[in-house]
């Protein structure tokens, strides 16, 4: 199956290994992976900050880039959720609204794509260690992702998945919220970290690089040995 | 009175500062963590036992939407049926009008003491302050409201007004305000309140309540409670005044069923509260109860929320408080930091919407948009969608939170993001800055110039942009 | 005249604002009809209703005493009086309760008729240790008593004294909230309809449960199971 990878701007610039391992994983699952270099960003930062026309302009660009794709896969729950909001940005433009809905319907978050579209959970992955899953908010509550990442992780050889307390509690990132209300953002995060630290795991995993940056940033400041990894990195089986 | 900086009154429009202060108050945070965790747990246990919970929510959501879509019709029907039962119905455009109606009634009946059961609507209109200015004694009788009245504070939660206070705080308060022995035993403290308030119930001339729902077809309204203070407030005095927001109207008596299944469970985890009172007119001749029953239908900005389907959703709120209990923001700072009558997720939405002034315009931004509130709302209000809509209204040119530099910033950002070459150029600039960001001294200088950078790095390390972006690696054969 | 005109215009202004706002995005939505989701079909048999009622009211902190008929109810009441050491009792005007008074002649009885506004009896009410009255109905689903202020003077009797003793005939127990409300939809509502599910309570201090705040701390229901 031909798949367009929409790596997302954060992955492209800050965590390229997530994009590379996502492509690897999709190939392991039998896909032909393409990357259209015209892609930029899903528009979420502007949308969440209240700048809907700016978000609409960026959404239009994305729609044009991915319009002809059979399937678009994103290693990000929040960016995938954003594609579902594109249509809302075109209240007055029926044609764009339709185009947005059509493209959004073909956009999938990585774990959801593997489990529901490809029907594939066994990826011959190996990652020995104890890990916990962080349910990133948009993926969990807007896309309903909960069982999918867990189903994939269950099949990883040597991996022990521990459910941390507050696994589905917000990490406090919230986009610009993290810098508009930094003390609050960190207070929310610290509460979540209690549950993670109590779980006694070696790594926390998530589908969203934004959450991972928030969590690892704090853990690094606290000199914690807890690692932060994206689902794709683990499914690609690299225990490094 | 504590020397804690967090006990300074919160300023409206100063959410960031209020939140910062609240975060320093360890006692507050302990109290909040304990209480919100507990109610949320109890709610969860109660909801789990109801397998038709999703269907109940859907029914309530549809019922509210259908009712609000013809609210004028239901209000007129309510008035007609209430009046037929002998209730006096008043209409108040705003809080000041509502307060004047109350004091006019109090004056006419020669009242001196008024007792109140819990009513967030009367908090909204600042009724107590108005009545006290007019020379009346106003006594809150709900235990939580009594506590904060003694403390001179506003409620910090929709259901549990004194949730921010620990037992020691309340013990000290009672000792100083009521001259009783210091105790921090809830049972003993409750007993003190019971005894003091019975004296007030006995002497009160007027009882003031709110209402959870008003039934149009029967001209009735319902008051839900656990303590019995609402029953006493509405049974002993000669006059009962109920202040009811216009959005509380539901069409039929039978419609109460779905809300009686949802509200107690969402609010406190109970299948039903100890008491529900349904009032339809004053007493008949020679029987028990108030001889005058008044209903004040209050607008105070609600009508403006009827303009479209999304904002009408916010009027469906049944004031259960579940969103507060699950909100990561509320859970860390409590209600006072919002500096608004209604805090938490619902408060962040309705405060700017109800307000005729600029109140609460910073609140829609004070959320990480996690969506936990939408998940627990028993009437299915899409709170994140409302927060996002408010953000775009407030940031629009001429909007109350509009910022020319920020708007310019996002316009520039979108210019870069709508073209591959421009995007790559911007990424290139970012990469150039990498060595600076990687150097601790350079980073701290940069942080002083860029507030977002400083905000991030105060308590977190910053990940540097990768040496080679994904697209660079892909192009160079990284796709192997 | 002036005041009434001003009040009328408040009403008109408010309604106008509502209509104008609704006109911006008018929509016709049908009211949901039919039984409320999950409205339990159980407890169709009187004895099932009785069992559910008793169980849930007990779980809610009330005490339920099942008896066969009115004279056994009187006996149960006598036992409660002894157990709780009741000497000053408030009582409603229900004629069914005459035998109860006769059974405890030494108590100081405060009659509901004497509690009406302005009556001297009001002060005595606050001194009563218990209140005795009937309940007009019950709800099996929720373990709830229904007090109809048209049928009996029991508003204050059931509220002020710290112990509340209610007599209920099991045949008056509705299956669920829906059927109870339906009954009143059909027969009309009294000035005050009170639903009671257990004693008064609060959790306003650190969410810790305290039973017995402003309303009664103790609720006893004497449930008469005879059919006719």
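Order of writing sets the chain letters: A, B and C. Residues in each chain are counted from 1.
Keep in mind that, in the parts below, contacts are C-beta pairs under 8 Å (C-beta built on N, C-alpha and C of every residue); 3 or more make two chains touch, one makes a residue touch a chain.
As the structure is a computational prediction, the values presented were derived from the model and not from experiment.
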Testing understanding: with touching defined as stated, what is the shape of the graph linking the protein chains, line, ring, star, complete or other? line
Taking each chain's C-alpha mean as its centre, the one farthest from chain C: A
Rounded to the nearest Å, the gap between Cα centres of chain A and chain B is 32
Centre distance in Å when chain A and chain C are each reduced to the mean of their C-alpha atoms: 54
Where chain A touches two or more other chains at once, the residues are none
So, in the complex, the side of chain B touching chain C is made of residues 31, 34-35, 38-39, 50-52, 55-56, 58-59, 62-63, 65-67, 69-72, 75-76, 79, 85, 90-93, 97, 141-144, 147, 160-163, 165-167, 170, 186-187, 189-190, 193-194, 197-198, 201-202, 218, 220, 226-229, 231-232, 234-236, 238, 246, 251-254, 256-258, 260-261, 268, 271-284, 286-289, 291, 293, 297, 299, 303-309
Touching residues of chain B toward chain A in the complex: what are they? 15-16, 19-20, 23, 33, 328-329, 331-333, 365-372, 374-375, 388, 391-396, 401, 406-407, 410-411, 413-414, 416-420, 423, 427, 430, 451-452, 455-456, 458-466, 468-475, 478-479
Going by the contact rule at the top, pick out the chain A residues touching chain B in the complex. 7, 9, 11-16, 19-20, 23, 33, 35, 37-41, 43, 45-52, 54-55, 57-58, 60-61, 137-138, 141-142, 169-170, 172-188, 191, 213-214, 216-218, 220-221
Chain B-facing residues of chain C, complex: 7, 10-11, 13-15, 17-22, 24-32, 36-39, 56, 60, 112, 115-117, 122, 126, 142, 144, 149-150, 153, 155-156, 159-160, 177-178, 181-182, 184-185, 189-208, 210, 212-216
